[in-house]
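Across the two complexes that follow, chain A remains constant while its partner is chain B and subsequently chain C.
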Partner chain A sequence: MAEVSSGPVPYVYVCTRMRVRKSKLIPREDYLRLLNMGLPEITRFIEETEYKKEIDELAPSFQGIDLVELALSWNLAKEYQQIQKITPGTLKEFTRSYLRRWDIQNVLTILRGKTQGMSAGKIREVLVPAGELDRVFLDRLIKEETPARIVEALKGHFVYPVISQGLDEALEKESFARIENELYKQFYEELLAEARSGFRGGKQFLEYILLDIDFTNIRNMFRLRKDYRDEDYRSMVVPGGTFSAEEFQHLISTGDQKEFIGVLKEKVRLKPLIAMLDMLEGEKSLREIEIELIKVQLSHMESLSKLNPFSIHPILTYLEKKKYEIFNLRAIARGKDVSLPVERIRSYLVM
Partner chain B sequence: MALRDIKPTRSELINLKRRIALSERGYKILKMKRDGLIIEFFKVLEEAKDSKSELAEKYERAIQMIAFADTVEGSIGVKSAALSVHEVPNIALASKNIMGVVVPEIESSKVKKNLVDRGYGLLGTTSAIDEAASAYEDLVESIIESAEIETTMKKLLDEIESTKRRVNALEFKVIPELTEARDFIKMRLDEMEREELFRLKKIKARNA
Partner chain C sequence: MAELDIAVQVAEASQIGLKALGAALSVGLTGIATAIAEMSIGSAAVGATAENKDVFGLVLLLTVIPETIVIFGLVVSLLMLF
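So, the complex of A and B:
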């Protein structure tokens, strides 16, 4: 394979590869077929697709649903690592930054596991090294004896400042929730700064980040409204998007669902989102609302990747779609394992 | 009490009469206590039925919600969120008295939590975790409530059982035996009186 390092060619190359990978994702008809299968058949189906290597590798140590789930997350991690390798130039930087959310998840899981006295093996099973921190580094973190030493080992990584600042309070309160929220806020803040730093392709990246921030805030508003108490939720907003902290607080405290959706519709500009919000005026569960939001977000990302075929959009669209493929397969396997009705499992799928 | 061990004396008769009166009084009181406890038990039983069906319902829901969370987030996501929970519910134990039976009164706090206080971050999780956590909080609350009711019921049952045994012992063993002994002494004293009278008559006849 010829190495191309400059000009538009690398972008064309990587975006084409993403399109090819996207075409290999499991289509809707297969999900519908999988819904009528039992767990062994589902495992076999998965083994016959892109997940064969992971299933074969893990089959001696795991079985049943654990095998499926672990194989899926290993494949996701491997796929994301490979994409980071093949993406060139600034796209690589953007992709790497975008995947840092997995680092946040992994580091927090290690810290929580350690403070709860979980064994290294158990913590290792829960990690998905799909971000910047690879399995070897995460293993090193697991081996550290105390949370303070884990944080020391993270020096130089983007999570270090927030965690080192909040660790004492978190250990005292025995809760990493504040650190988790702050880390995600910092994650988005850095993505915004990177997208606005003037690098080529930054404009498209910014478009995606703003979209993601808005959807995250909308999703969280629905969640917080369900459990509303007269408290200050301003610190829960991800800044930089359409909603300011005050608007976020106001929307959460708006009593009537119709009124809330009305104000929301006035604030957002995305037409598919407005159409989706129109449909929400009837009674829908929180999970159904979340699935609808994900569908709208994915379909908008798809349109963006068609509008900008040689930008960060096709890469991010593929990364998200791959994530939801894993999500769907896991949902079907798990749902079958716990004997959930087919219709119910179907309602959880992002198709 | 074997009749042969009884001394047929007047003082023993008085003593026995006192014991019979005491036993009969005790029998009446214990019978009233037993009936009162049974009424209380039926009241608690109604509560227990409701709480048990509520518990079963909440358990069912919790199982469904964790299955739902496992389906949506995977066991990895659920375990990761579960690691966030450190705070255990506080349970304060007091006691109250129902007709002499000491039963527990359990008060719990910090079971039902706000989304923000649960320990996991809002931005790294989904509503599936919220719903599973909320269902389990409801279940724990219900378990604590049921524990109070079931313990009360168990203690009442134990007390009813022991009171019933005492009532039966008094009704069928203690009082009949005492009555028999009283009758025996009475009969023996009467006989002794008759013997005495007869003896006196005989002496009187011989002297005449």
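So, the complex of A and C:
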């Protein structure tokens, strides 16, 4: 890993660029305006913002929701690749490691798409080639005929050992959930090892990873509680964060929602999260809870990026906010395409 | 008598020398301070301009604000010498 030899200058440069980019993200008022538009107007609106190049490039071959979906995916991938190019020294390594989660997502999307018999074009629309696997390689994977051949093509990549081991079971059960869980556990384990390896800026990166692990575990707890069966969930916990496997299992099996939230509040230290959990004591749907958790995580990341203005935090905050901008635009476009009511679409937005 | 003259000449020469040294330090140190201040502002300015070309005029102005430090140093050194 190359060390930065020119002092703080490259950090200042790249963090300022991230801050300017963050200021260009679509504000809340525009989302509210978009909710009242039709799909053609939304496409036009997107074309007038940072997505112009992708819309112009794809407009001759695609239209409607396909055009919006593909343009958003392409833009996100381009943005992530570009950020990897401009980040200096250890920050580049950290950013690259963080973006490997997209490899997991892309490979699983291809495997799921293939087993469910989806067309290559439809799978391609939802891929975001932002990690180590580029668009050409992912295209090659899509063209493979069977899941076994896809896994063979992944030989040498970090996802290969886990997927090759669990593929037969996954195909039998028609569920990739266990593989997905194992891949994310391996992903976070590698991130933790990298952050603790003593490289400059590792401390801030570690702070983010621990935050992300905690939020992932809390989110999973809410999900598993919703669909609780008397099973052993200890293998589902992402290790390294606040919650041990035993605590995770205990919290999921706690019957009463108020009691669960009470125990959770004692475990977490983040004040905004505690305030948010206080609000949850009333009845809220799982989707609303997840959106609230994302909002708290984003706002805490924002505070971290202010505390450490020239570190990995402003970069990660921008990457996450950009991801949710794409999610929001995609939710609005899809919702409008299938004529969902405005209130329903709004409940899916992170703003 | 001759010895006293020599002593006065040495004292005068040292005075001029120390003044010159003071003037050099005042310009030199403030120059370094300006460079350190401009280092971060300059890289942030280039970063901001790379994303949004409209801010070039504003960031150029912000980048040269620490120049005042070296100007103060120059003024002090000129006052010392003349």
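By definition in this document, the second predicted complex is superposed on the first by the 309 of 351 C-alpha atoms of A that agree within 3 Å, B and C clash if a C-alpha of one lies under 4 Å from a C-alpha of the other, contacts with A are read in each partner's own complex, and residues count from 1 in each chain.
Going forward, contacts are C-beta pairs under 8 Å (C-beta built on N, C-alpha and C of every residue); 3 or more make two chains touch, one makes a residue touch a chain.
Predicted, not measured: the structure shown is a model, and the values here were computed from it.
Once chain A is used to superpose the two complexes, chain B occupies space next to chain C without a clash. Shared-chain residue A:103: touches no atom of chain B or chain C. Judged by the touch definition given at the top, the superposed model places A:180 against chain B, while chain C stays out of reach. Of the two partner chains placed by superposition, A:132 touches none, neither chain B nor chain C.
In the superposed pair of complexes, A:338 makes contact with chain B only, with no contact to chain C.
The larger set of touched chain A residues comes from B, when the choice is between chain B and chain C.
When the shared chain is aligned, chain B comes close enough to touch A:290, but chain C does not.
Of the two partner chains, neither chain B nor chain C is touched by A:214. For the pair chain B and chain C, the model built by superposing on chain A gives 29 Å as the shortest CA-CA distance. Shared contact residues of chain A with chain B and chain C: none. Chain contact summary for the complex, chain C toward chain A: residues 39-40, 43-44, 46-48, 50-52. Listed in rising order, the residues of chain A touching chain B in the complex are 65-66, 69, 72-73, 101, 104-105, 108-109, 112-113, 115-116, 118, 125-126, 128, 174-181, 183-185, 216, 219-220, 222-224, 226-227, 229, 231, 233, 236, 238, 286-287, 290, 327, 330-331, 334-335, 338, 340, 345, 348. Every residue of chain A that touches chain C in the complex is listed here, in rising order: 7-10, 12-17, 20-21, 24. Residues of chain B that touch chain A in their complex: 67-68, 70-72, 74-76, 79-80, 83-84, 86-87, 114-116, 118-124, 126-128, 130-131, 134.
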